[in-house]
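Note that chain A is present in both complexes that follow, paired respectively with chain B and with chain C.
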Partner chain A sequence: MRGRVPRIGHSCILPGAAMFNYNFRWNQALNSLPQMLEGALVTMEIAILSMAIGIAVAILLTLFRLSGNRLLGAISATWVEIARNTPALFQIYMVHFGLGGFGVHLSPYLSLLIGIAFNNAGYLAENFRGALKAIPETQTRAARSLGMSPLQAFKNVVMPQMLRISFLPMTNQMVWAILMTSLGAVVAMNTDLYGVTSELNARTFRTFELFALAAVIFYVITKVITLSAGLLAARLFRY
Partner chain B sequence: MIEIENVRKSFGPLEVLKGINLTVAKGEVLTVIGGSGSGKSTLLTCINGLEPIDSGRILVDGVEVHAKSTDLNKLRQKIGIVFQQWNAFPHLTVLENVMLAQVKVLKRSKQQAEAEAAKQLNHVGLGDKLSVYPSRLSGGQQQRMAIARALAMSPDYMLFDEVTSALDPQLVGEVLDTLRMLASEGMTMICVTHEMKFAREVSDRVAFFHKGVMAEIAPPEELFGAPKDPELQKFLSATH
Partner chain C sequence: MKTTLFTAGVLAAAALALPAQADKLDDIIASGTLRCAVVLDFPPMGSRDANNTPIGFDVDYCNDLATALGVTAEIVETTFPERIPALMSGSVDIAVASTSDTLERAKTVGFSIPYYAFENAVVAREGIEMATWEDMKGKVVGATAGTYEAIWLEGKVKEWGEGEFRPYQNQADVFLALSQGQLDATVATVEVSEANVKSGNFPGIKIVDKAPMVPDYVALITLREEYGLINYMNLFINQQVRTGRYAELYKKWVGEGAPADLTVQGVYR
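For the complex of A and B:
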């Protein structure tokens, strides 16, 4: 058996390591690469969608907080508190099994997407709150004095600056969203990168190789995101 | 016409406007002078409804500013205001700064707004800065941009709240020149200012505020030449 299968790794890297009795078989993992890359696409899809939803909801939560309405303010504060102070894993679990208890049955895909979007929205709303502190009140005043309504002033003058200031934290959250997709494990998600890897592992038991490869893919994705975000920022924000 | 009738306004226990009566006619240039805390800036922000008042009323062309039924966003289109801090929108170019409210509030087309913005910016001497971001402008240039931004809304009245107070001394002149130009063009203006020479030159009337009261109002020759109010006499001798 040994020697016939082309190998990339060695069974004994360290002297006396034979006791580990583990033969690296990278070819099996590499043969699974196409499936894993498909999973990576699902992971990216969930991360991007969850960010889009998260940003939209976070803007809404920010408006709730600024509205001066106590009920809306309380909704916003509660959302942020729960999202930031409970494990993301619980949040995803609750969407799937918690809502399931009330008869709302969502697919693993939707549960994961909504769970991560919930988490994103909470963190981003808090980032926006910080960013707003850096924008002088006089900006709104200037906009209002030109006849803009409060909403127009927010949308055209305050929000663009808020998003600019929050751009770096948003990039971090995007990376975190990619990594959070692996929590889909708790709701039996099996089409994302983690899910695919996990199922391959169950069939082949090439645990180290498969997860090492998955880790490399995760790393490449997040690295590409941070680098392209930097480039995008340079193009978008020229002032 | 701007009619201010017995306006009172307090910030907490501090009464900053103690019953102001004042009428500004179309085409008039009124400057308001006085020490800090005299209430002169507060009056301006009350005129365009940025600040509520406690009693009395302010009418702009017969519309009561602080009436519940008044559409303030609409009213503010005819009252331009420029503040001590110019508040350029940093994420927009100079041209876009001046276009924004035209498009969003007056619903002008992009082309119309752009043409008007370019016209007003040329007018205040910023014709070569259209595509620049405000961070590249000096304070005086940013303040002139803020004036163009207000003028682009085609207001009937312009309120200037100490527009040169935050500027370096060498930049004050260019902004005052812009105001002089507007005054000579017949714009109705209320200027709160510390620039006595400017007040003397451009004003039809000058009002002196002291501790929330309009202590004296007269044409500049009279107010500066023969001040009656003792506080005004003190103020003028201290500033000259």
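For the complex of A and C:
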């Protein structure tokens, strides 16, 4: 606001009544709340699915790494490197337009889901690797000496502990997955919370109410998910 | 009595010393800079040349307005959805960004009289059978998020109850998706469509038909309460047409032919 004379008559005293040159009109934004909540459901759906796929793939990547096979190890390392060292925005964009260049056409929904799942898998595989370091190797040997195959030893002895140790980083990734759904805009996703909000914004120009509302909904979703993850953990990881 | 007189005198002096309330028009002239929000991935209205300098119809309109005001123009690049936050937060004074003057939006921002009007065209990928705009029914269609044509097209898809609508973030992504075959068709301004078909950047696309919507009148925008500035912008637009500058810039950026009529028959503004 270079060289501006502060103006009298534009009250900024009442919170929420007026911000810079903008008068809040909440009723109009609240009218679109049902649409936004529908979007929130889609956002949660994508986050949960991407997390389920991410965990499954991350376990596979961890097995690849443990297998001792050079090729499988290289696949795992490449995946983790790309997922962790490039922007999620780029990953999602590449799923849609990168594959699109080769004639593989994925809908915005699938592009976003696969993009986030790819990112999740990379990060989670690293979390699992860290967790594995905390599990003494003697446990695997003990399991093997009881006659379990390597896979059985991993599945019955190591993996449950690995998931327990990496549970907190996993909830972090879950929150990150929820927030990443907003990147779907670059692949024309318009049914998730961010997509619905920005379309309402284009139509009405009520930018600040709509995005404030979206922020609150995002906050509530992440809280609900982290809290229920805590409850789930208490049930799953009982001794 | 004496104190009352004295107080009255002080108050009167203070009142005289206070500057008259300055509005945005005063602010712009005083600061010597007119900051315009312009969308620069929307040729021929706004784009960048080989040296990355902003060019286009909207850029020239901002420069002309700045010249008229006797200030220098500053082009601030924005996307379509960012126009309003840029205005409201005071990071730009006006937006010269092909903003359609809908009644819904006029509840929030102040519109000038229209400075341009777009016709829209239906563009399809070459592999698809499409004779008229109505053949878009049931297809995967898309447009640039937040534009007039996107709002229209999404409404049509909802009305048809079949097919799919996809709003991409910018014009380039829409045409990339169309060229890749991810979209069957799009609706874009005739200007943009012709420029993109001609450029060869997006192979395998063709213009099919005109989109049957009311011409998309676009206006300059600023804050709703800045009547002084809105009045000035109105007169500026009138003068651009009157002096032939409008036709000149149309020829420079769009091509031969007459620019769109900015008046509506049978009604006052």
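As a convention for this text, the second predicted complex is superposed on the first by the 219 of 239 C-alpha atoms of A that agree within 3 Å, B and C clash if a C-alpha of one lies under 4 Å from a C-alpha of the other, contacts with A are read in each partner's own complex, and residues count from 1 in each chain.
Throughout what follows, a contact is a pair of C-beta atoms (placed from the backbone, for glycine too) under 8 Å apart; a residue touches a chain by one contact, two chains touch by 3 or more.
Since we're looking at a predicted model, the values are computed, not measured.
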| item | value |
| --- | --- |
| A:T138 touches, of chain B and chain C: first, second, both or neither? | first |
| Which superposed partner A:T86 touches (first chain B, second chain C, both, neither) | neither |
| First (chain B), second (chain C), both or neither touched by A:N69 | neither |
| Touching partner for A:R206 - first (chain B), second (chain C), both, neither | second |
| Which superposed partner A:R164 touches (first chain B, second chain C, both, neither) | first |
| Which of chain B and chain C A:S228 touches, first, second, both or neither | neither |
| Chain A residues touched - chain C or chain B, whichever exceeds | C |
| Chain C-contacting residues of chain A that also contact chain B | none |
| Complex contact set, residues of chain A against chain B | 136, 138-139, 141-149, 152, 156-157, 160-161, 164, 237-239 |
| In the complex, chain B residues that touch chain A | 48, 50, 73-74, 76-77, 80-81, 83, 85, 87, 89-91, 100-101, 104-106, 133-135, 146, 149-150, 153 |
| Chain C to chain A touching residues, read off their complex | 19, 21-22, 27, 30-31, 80-81, 84-85, 87-90, 102, 104-105, 107-109, 142, 145-147, 150-151, 154, 164-169, 173, 176-177, 180-182, 223, 225 |
| Residue numbers on chain A that touch chain C, as the complex places them | 1-5, 7-9, 19-22, 96-97, 100-101, 103, 105, 107-108, 185-188, 190, 195, 198-199, 201-208 |
